[in-house]
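Each chain gets a letter, A, B, C, D, E and F, in the order it is written, and its residues are counted from 1.
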């Protein structure tokens, strides 16, 4: 994964003129697209692309027992798999620290804003609740997985239908998919990741840029304009001023991302369409 | 495990004359013996030998909860351990792909023919059922593990006694070994494995032959003359005609195997006897 | 971990004159100290030092279901972690064979003497009992972990307060820490480990000595003067006479250890004090 | 093959639950080069079943001692996405996935010229994104396309399909509902140009005669899938040729 | 941040549940060289939070291929003792511990001169012995002291603290009870001499303005902790100097 | 040692539940060379306990860095078959199996001339096929026979037996029922020719005097087992000599 020093040099010298290797300006995202409803058997799903980065999220709804300390809430379980078909160094096996960190960043962003109204997800209070399994599948990694995975997660939740829970004659709870209602979603959240290289801030770093980044700050923004999470990654640091500037940029760019989600929700798509226009 | 090419040559040239290195004809099994009742503490057990291949199967009967989608059936759990004492390259640890495949082939053969009458293995419908643990232990590996393990499994099931389930004063289910009845077995199944080498089909390949096989087809045969499972293994292929010929051979040879089981069931044996006549 | 042969020679030649490298006599322990109550959030805790060996034990009390065959007893679970900060070759991950052996030696010593009165640890007979988690944490390893960990374990149990179990309005059992009573302890036990080197027996071998030991015998002694466990470790052997002599020594030295515990119980200490006087 | 309920899987007119006749395949579509990072990739839809396959390699093996001096090692992972099934599936590999990874690998290895790349490894990853029956077959179909897309020399493509027996009738390309209630399910895969059966499994009960007929039926389906595979490759090849001409 | 109960976390006089004002740190004490085997070690108490850190290295890497040709690798494990929490914690690393090990490692790596020790590894082990809020911050504070104690060249110490928002008020160095009921929890760490923020996380909701103010408040706490760290090192240094003079 | 029920383990005539007197061994039989692939193997039955042991080696170590430059490494696995116990045992190694593998290995290592085979490994596998008390002892008895059968130079065989205390009486070679209800269980193993105790464990409570007497009693049993071991080897040796004479 060592990028020649010469490439770093050219990235830096172009940034001096506010330009990036792929022609973008510092605050510009790559092309973004979101397709919802691509996995028909899942209760909710979405595929998000940012440039060549592809993230697929499927949501399954099941029945389980609540956490003892939260007996009157449904359960949301967020998991991320960096499957080995997505990148040469991704390996089979349990999620590594990067996949765990990504899942937890998204999980916290959803939780802190009460994005899913888990209090409405109880079936029998204290005994049976809905479990919302949100599984993130990275299919192609070209940098900035966080923003793509958050986009796909948010769109998939908005695409989710919750089957009606019915007790059978033995008292077992079964889910009836024929009577399903939209998942209660309180509000929306996106993540805007901002890289720092040569002291400059750039939005949506691609893989090539990530390899020369000094540090990165992923900022979760709610659709009510609040900061709903931050995570600094990378081996270097930010100054307070840089953090403040990054928050400002994130607030700005979040609007674009919310618009992309809005557009995507207008009509469900197919995986065939979503994957094919990769060329 | 690389066998000298010269050995492959001699195997092939002998097969041209329908002969095998150990003096067998192509459709001939090695010596087969089955001993039942060798583990007295197990509810059922059998040791099967095919040539120098030795497989021991023990069956334990326990109490558990049924699968939610099959509330009125007992549970049959088949597991295979290739313990490291059986072969230089077998390693400690969870079953590898070969052990998993073998256990699943045997499991399917038993399941597809309803060999064990699991519907009779309910204790309290929907709540408590018998669990039949069938554990396969390979003790010595000289080729054709599948047929030997299936033989031992089938004989062990026919040797199994199911203890009576009784509720104690707290309502816990306990098993009473003093009142045990034979496991309800609907029918019998065996597996005949047929190797392909130099385009020839041979029954019961030994280890030396397995190392030069192009491919192998393991065919499960029910005692009602049906094909109850097939599994092709190995890096090469079969033609349709070869598969048809293999099925015909398997049907034929299955009769020998059923006879071996019949003989073995006539009297229980001891592990001492079973292991000692290895010489 | 290879100690120069020259050091072994000097250890042996000094032992000829009943002397040890650190100035001790063969039957002499290093300085021992025990501090109880060092983890205030735990229900019980103790830190024990023997020379530079440091063991910390914390006890958590929880609620769980009893073992089916012991429905009217609480559960004691002993676990040992050799965390990697304690020694250059300790590795992260599940306990290795040394940690497992140590935990099991201590577990058996506690169990065989009924040190904890588990029969008094039932909440709802057959359904809910107290679970006593005894977690051993080795912080610094300079030899003779067994004796230090047993000391810390015994002192921590004597320091433990059991919160009152109360059912809430839903019938869930909650623990009320404000109403806690001392853990019922029937009697005390310590372990005295005796090494054999050059045919001589030495008490409390330190790390340097352990590296040249032929064998070691860890002897559990109850405060009623019985032998409550033995474990021989190491690649060599003992004669019967050596075992008898070791038992005699252990009985003798156990009195010192019981006195150390008595002293420690007189006043709770802080982790700050316990760790700082390491210098 | 387990459930208690009696479902009508074939009506009096010989129509199956999704309207097909016994010898009809489900609608299939396939595309190669759908991923950027992989050396080769393919996406296959067969009815409701959706699989994606990627190939990396030939590349270096770590640790080294897993390499073969005389040929490339082939590793294969068949894996189901947690959201691909009716009930959420744990992402940890099940015993079923371990077995299928093995038989798929053996089928693919029969067509790859592994001896061209000694001391290397070729990694084949199959992800089932939606499971509606026949996932190992669709996975094989996709994996062999991905090998071709990666430019790895192969003797032939692999095409695969499952034959089932329902209410006594042999049917082609069973879907999940049929699989759950059928009397037999026989997945098979071929190197079609050589008439070689490279994967063959049977779960369920057939008479010897039915076994022959099932293989015969499977072959018919496989040949159709094979044609589609070749078309898919050809289309892409022409496209990229045209493109390169434009460049030239 | 989850519980249902309404607890008064700040009274009408602006006092917090443990009597502190909004900008007060909890009592802190720290000590280095508390372990014999480790190359460097430190113990930090911050209110009820107690952490111990140890450093081994630079030392050889096994297996070799994990080494870097141009610098030392840094490995970091943040781990909680089973008895450190209210309910007993399984000793197997949780997802939380895996994440925190990563962000702590990245923060520490920003100050270590790793290029001085190519092909080696520096192991940093943090054990939380009692958890009462702010454990990752106390862990970082301790780990950078342990690095210094091990004599590993660092550009600066790392000092860390968590800022919280409670009932609309930004408060410094939240404890566990505050953490459970707060609106936001923002752990941050700095290399204070360089004014560099090397760890920054936010769990919870802040307005952009509050974010700035929270960082400002965190900086104040960090500077105080930094002073204590330097004193701790100085005291020990003088002690050992005095000792060595005695020897001479 | 746990159950509540009071069972009469020794009757008024001093007979144990299986009719033995306090100092009687259970019936023992043993055989070597029972497996073809292993370099050495042995099968031992002691009452209802049935164990089989196999030895592979000296052979190459993988990975290499586990090898010792000056001697062979010894690895040992004591393992119980899932069907060997009253309740089915999970095949994953339990903490008990991990501990017993260690103490058995240490006992065996005391008699093997490991320095003859530097840089190699000797693998010893013990499988308990039926457990009725004294499995670690029968395992050691079998393993040392398997080492001899493998032709690995050893100073002495290892013979082992468990001594128990029941209703205040010391008894030899306790079976499972006795083990469950006894006051003490003391497994021990010796290199009998050298009078060396190479394994010694005590679970339960003994007075110091009883400890001595228990060792004394154990020795008696061990000597009998040792004689049987030597006979077993001799018989086979004569047999193979006769055989080779026939060949010549």
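To be clear about the criterion, a contact is a pair of C-beta atoms (placed from the backbone, for glycine too) under 8 Å apart; a residue touches a chain by one contact, two chains touch by 3 or more.
Since we're looking at a predicted model, the values are computed, not measured.
Touching subunit B and subunit C at once are the following chains: A, F.
The pair with more inter-chain C-beta contacts, choosing from B-D and A-B, is B-D.
Listed options B-D, B-F or A-D contain a single repeat of the C-F interface, assigned here to B-D, on the basis that more than half of the contact pairs agree by residue number. Set against the C-alpha centre of subunit A, every other chain centre is closer than that of F.
Among the other chains, the CA centroid farthest from that of subunit E is the one of B.
Subunit C and subunit E have Cα centroids separated by 31 Å.
Centroids built from CA atoms put subunit F at 58 Å from subunit A.
Between subunit D and subunit F, the centres computed from C-alpha atoms are 52 Å apart.
Annotation: 29 Å between the Cα-based centres of subunit A and subunit E.
For subunit E in complex with subunit C, the residues that touch the partner chain are 29, 31, 33-38, 41, 43, 45, 48, 50, 52-54, 56, 59, 77, 79, 81-88, 91-93, 123, 125, 127, 129-132. Subunit D meets subunit B in the complex at residues 1-3, 95-96, 98-99, 101-103, 106, 109-110, 184, 186, 190-191, 194-208, 210-212, 215-216, 219.
Those residues of subunit C that touch subunit B in the complex are listed here as 68, 71, 126. For subunit A in complex with subunit B, the touching residues are 170, 172. Residues of subunit C touching subunit F in their complex: 69-70, 97-98, 100-101, 103-104, 108, 112-113, 217, 220, 222, 225-240, 243-244, 247-248, 251.
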